[in-house]
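So, here come the structures, one by one.
In the two assemblies presented below, chain A is common to both, partnered first by chain B and then by chain C.
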Partner chain A sequence: MQTFTYYPGCTLRTKAKDLDAYARASAEALGIGLIEPENWQCCGGAYTSATNEPATKLSAVRTLMAAKETEGLVTVCSACHNVIKQTNYDISRNEAMAVKVQRYLELDEAYTGETKVYHYLELLRDVVGFDNLKAKVVNPLKGKKIAAYYGCLLLRPSKALAMDDPENPSIMEDFIRAIGGTPVIYAQRNECCGGYITLEDKAQAAKRSNAVMSSAESMGADMIITACPLCLYNLKKNSGSSLPVYYFTELLAEALGLKEVGNE
Partner chain B sequence: MNKNEKDWIDITSGVNVRKCMRCGKCSATCPSYDEMEYHPHQFVYMVEKGDIEPLLNSKSLYKCLTCFACVERCPRGVEPAKVIEAVRLTAVRKQGNNHLLPDQIPDMLDDDLPQQAIVTAFRKYTK
Partner chain C sequence: MQRIGVFVCHCGTNIAATVDVKAVAEALSHEPGVVVSQDYQYMCSESGQELVKNAIKEHGLTGVVICSCSPRMHENTFRKAAASAGLNPYLVEIANIREQCSWIHKDIASATDKAIILGKAAVAKVHLNAPLTAGESPVVKRALVIGGGIAGIQTALDIAEAGFDVDIVEKEPTIGGKMAQIDKTFPTLDCAACILTPKMVEASQNEHITIHSFSEVSDVKGFVGNFTVTIKKKARYVDETKCTGCGLCTEKCPMKKVPNEFNMGLDNRTAVYIPFAQAVPKVATIDPNYCMMLKNGKCGVCSKVCSVGAIDYKQTDKFIEQKYGAIVVATGFNPIKLDKYDEFAYSCCPDVVTSLELERLMNAAGPNGGTLLRPSDKTHPHTIVFVQCVGSRCDDEKGKPYCSKICCMYTAKHAMLIREKYPDTEVYVFYIDVRTPGKNFDEFYRRAVEQYNVHYIKGMVGKVTPKADGKIDVQASDLLANEQLHINADMVVLAAAIEPDKTARPLATMLTTQMDTNDFFTEAHPKLRPVESATAGIFLSGACQGPKDIPETVAQASAAAAKAIGLLCKNSITCNPCVAHSDELMCNGCSACEKVCPYGAITYQDKEFRMPDRSTAIRRVASVNPAVCQGCGACTVACPSGAMDLNGFSNSQIMAEVDAICK
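So, the complex of A and B:
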């Protein structure tokens, strides 16, 4: 069994327990071991790109270092994925930042991006393989027209995240095919849902999330899937649309016949 | 114009604003365009000119969603979001200039709001 370090992040422990529980149950069924590091900290939610903000990198570096002994670091939440991958990318190319972080954390040697970071979808594509996943599906989502919502954090900036083509991605559509569904392509699939602006400006969050939902509905989607708790919130609460929104891990668990496990 | 402030923004962003060729694609793709007084291409241009004071005092600083659309789509690799972030940091690093205070949070909560929204807002809006 291949074993990875698994970083749930703050929201998967609280408002997005489904995203977490279905991810863990499905990984186990697919023969992937996930170990949660002790005493992990919140990633910060947003990557600070400024060159002189080393303190904002510390939590992500602690998490990356905790994964050094396993085959890589797996994240599920799009925001954690984005922050940790961007930190890893920048620190591998910026020696001055690596040295500052080393001094803050009192490390014997600098961390310079050795850990490989996988989003859970990349784990399915690159480690499990979508063909192998398809072979393990017992409850295919036949006839379901599913719109994949990437949003912004899964794909961009693409040179750091290196997950898929940022303008014409296919990883979530390939995932949908593997679990037996029919992917729906729509214009807004990689545009922003409004994100944290919901705190200050509900109208803007409503405008953005409605644009996404209307776009998916116009292409005949039965449902929309996401990897991000904040996208799910905006699409459900702020869009005014009644199109169902699910975490991709919930559909994965359903296809693998594990739904009741996740509900425990 | 405060030369020091402009230099500090250039260092903080790590961006060479002179690479901009004024095509406006960053603003065309920005999901917050309608909500902004100064748009991404204006941030780049005004920082290049050293016209920073209006940006530091503009609510536009808090409208950027950090979606990286402008960063990804700029044909010259200018990365406008990093410029906006550097100006925002210059604003919130000043004492008493935090844009969001913990006391404001309880009124913003509802049962479903993910923690992610709050930690992200604090990271963007405060120092």
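So, the complex of A and C:
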């Protein structure tokens, strides 16, 4: 059994418990071991753009260091993934920063990006393989027209995240096919949902999220799936649309026969 | 004892403004062997040269040092002057105190010091210069043109006109290139085929021109005046000499679902095909990737219907070898692939097309017979958005840093033609800048705006999104009005950047010519030698050298032809005597020099030597073919025993220069 370090992040402990629970259950069913590090902290969320400040890297580096002994670090939340992968990318290219972080954290040697970071979707694609996933599906989501919502954080900046083509991605669509559904391609799938400005300008957030939902709806989607807790919240609460929104892990668990969802 | 003359040039103020030329002349007059040291305002002028000539005669000079501009500018001038005064031209040395000194320094004192040091180095070198005599090599009176687009055709026609034999090598089954795919040409709006196809026919009928279609250059050996080129004639599975181009095989071929590259994949062709009606040569070609007979031996319809027995499934690639005096590169361009520009939805929406695809959509011989219809549902588009600079003037590695030059004009042409033919269609053009220099070009663009009411909007398109109702949402910014726009369009046309053909780079390696970072061939001088490559005997024609429209391409094609004719007119050419030679007594036959020689000029021979004990030994030693050697000096550096040396740039001369600089 392959074993990875699994970093849930703060949202998955509060608002996004479903995203977390189904991810763990599905990994077990797929023969992937996920170990949660002890005493993990926030990913360092808000600070990614402060590239010159070592303090903003510390949190992510602690997490990355914790995964050194396993085959890699797996994250699910789009935001955590974005922060940790970007930090890993930056620090592997910036020796001076790596040394500063080493001194702050009083490490024996500098951490220079050795850990491989996987988003859960990458784990499914690159470690499990979508073909193997398909073979393990017991409850295929036949006839379901599913729209993948990537949002802004999952793929960008594309050089650092190196996950998929940021303008014409296919990883979630391939995932949908693997669990037996029919992917719906729609224009707004990689546009911002407006979640970040919900507190500041609710009308704008509503406009953005509605654009996403109606774009998916117009292309005939029965439901939307996402990996991002903030997107899910915003699409559900602010868009004014009744199109169901799920975490991709919920549908994964359902397809693997671990839960009944999406049939209401 | 050497008698050396030093001549320091002011170059007007180019040198004299930052270098104290009188001080340089004074300082160098004390160097060993220097008997005369003078300065003059323009040493390259008639009277400046006279000064050098008179000094040679008067002082009986055995060596000359000119402190002036780069030897690339005037070395030849001064060599000729020396020769006319009876001094071997290779006893002249240039100290470059302009490009490498006065132009790059500001401080007069330090620039003067440096000029003196450069002069001293040249004096030290000229002490060791030996008189050299240039040999001659014959010129094969035949030219090769690589690429059969409008550039290659024009070059070939002009060379043939002068009475020389020319071969065109074209990788596609027909000549014609990109121009054959274009519908109308700017700024006159005449039909491209109507002006191109007569030239194609003329080329095929000219007794001096041989067209090798569906062929590639696979090897180039030799040097200016005497290239040996291997041409690969790819198997087309049709005997060119028998096929009459009747087209019966293409009608009967059951494999009808092959993407038609001539129509940019917008419709299909058969596995056996003639690219277009006016193809030259008008001969069928079988596509082995789709032909069922070639793939699994089941079919043979074309062979049965061919009345002249031209189909030959057993045909293989053939190689022919031919000698040429001159080679003209005319490999042209291609639009870039747009797979990295998914924000414009090119790969997911059939109604988002490139400009070249639009040419085919509007062409009478295109997929819709000349009626502009949306590829998705064959309906008439009422709103069309053009996006310029897709991949051009791009500051990241996705696109190209340069301006593709032709897009502003062809977009204006498309917009105008659509408004003319379908006045009910609204046309928007998004641009960064409109660049229309050229004869009658800006007037043409103004007509599109003023007479045809094309909506030109300064700003870039951010996102193109296909909608459920079949329309396309184009989100863009209008930079002048400072507002965000959403245009509900039926079609989007992308002006893709153009790039050199993929075959250009391997060809450049074969020809040992230089390319820039964008894979455009580099001209010998950007202003003064624009159609020659830095490699003697290789000329550049058309867009392989940089983005060009048709008028410019044709002008350059004729210029390249003129240069090639100038070479072919000569019965022999003077060789460069500054070539490598091997000291056979020192050579140990290790092959180090052969491995680094880019021109294949070094071979090995077993030679008999008298040994010190009077016995005879057979030893393997290097020998240099002086006609092939270009004098690059790579072998002299690689040689571990110091046997290789370069005439005019010997190891001892270089060391003397270094010593003089370090003194």
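Rule of thumb we're sticking to: the second predicted complex is superposed on the first by the 256 of 264 C-alpha atoms of A that agree within 3 Å, B and C clash if a C-alpha of one lies under 4 Å from a C-alpha of the other, contacts with A are read in each partner's own complex, and residues count from 1 in each chain.
One rule holds for everything that comes next: contacts are C-beta pairs under 8 Å (C-beta built on N, C-alpha and C of every residue); 3 or more make two chains touch, one makes a residue touch a chain.
Fair warning: this is a prediction, and the values are worked out from it, not measured in the lab.
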Quick one: chain B or chain C, who's touching more of chain A? B
Regarding the shared-chain residue A:N168, is it in contact with chain B (first), chain C (second), both, or neither? second
Please work out whether A:N132 is in contact with chain B alone, chain C alone, both, or neither, and reply first, second, both or neither. neither
Considering only touches as defined above, state whether A:S158 meets chain B (first), chain C (second), both or neither. first
Does the superposition put A:T3 against chain B (first), chain C (second), both, or neither? neither
Applying the document's definition of touch, where does A:S218 land relative to chain B and chain C: first, second, both, or neither? second
If we overlay the two complexes on their shared chain A, which of chain B and chain C does A:K237 touch? Say first, second, both or neither. first
Overlap of the chain B and chain C footprints on chain A, listed as residue numbers: 167, 191
Given the complex with chain C, which residues does chain A contribute to the contact? 165, 167-168, 185, 187-188, 191, 215, 218-220
Within the complex, which stretch of chain B touches chain A? 11-14, 31-32, 34-35, 62-63, 65-69, 71-72, 79, 81-82, 85-86, 89, 100, 108, 110, 112-124
In the complex, chain C residues that touch chain A: 341-343, 345, 347-348, 463, 465-469, 473
Under the touch definition given earlier, write down the residues of chain A that touch chain B in their complex. 9-11, 14-16, 42, 44-53, 56, 77, 79, 151-153, 155-158, 166-167, 191-192, 194-201, 204, 207-208, 228-230, 232-233, 236-237
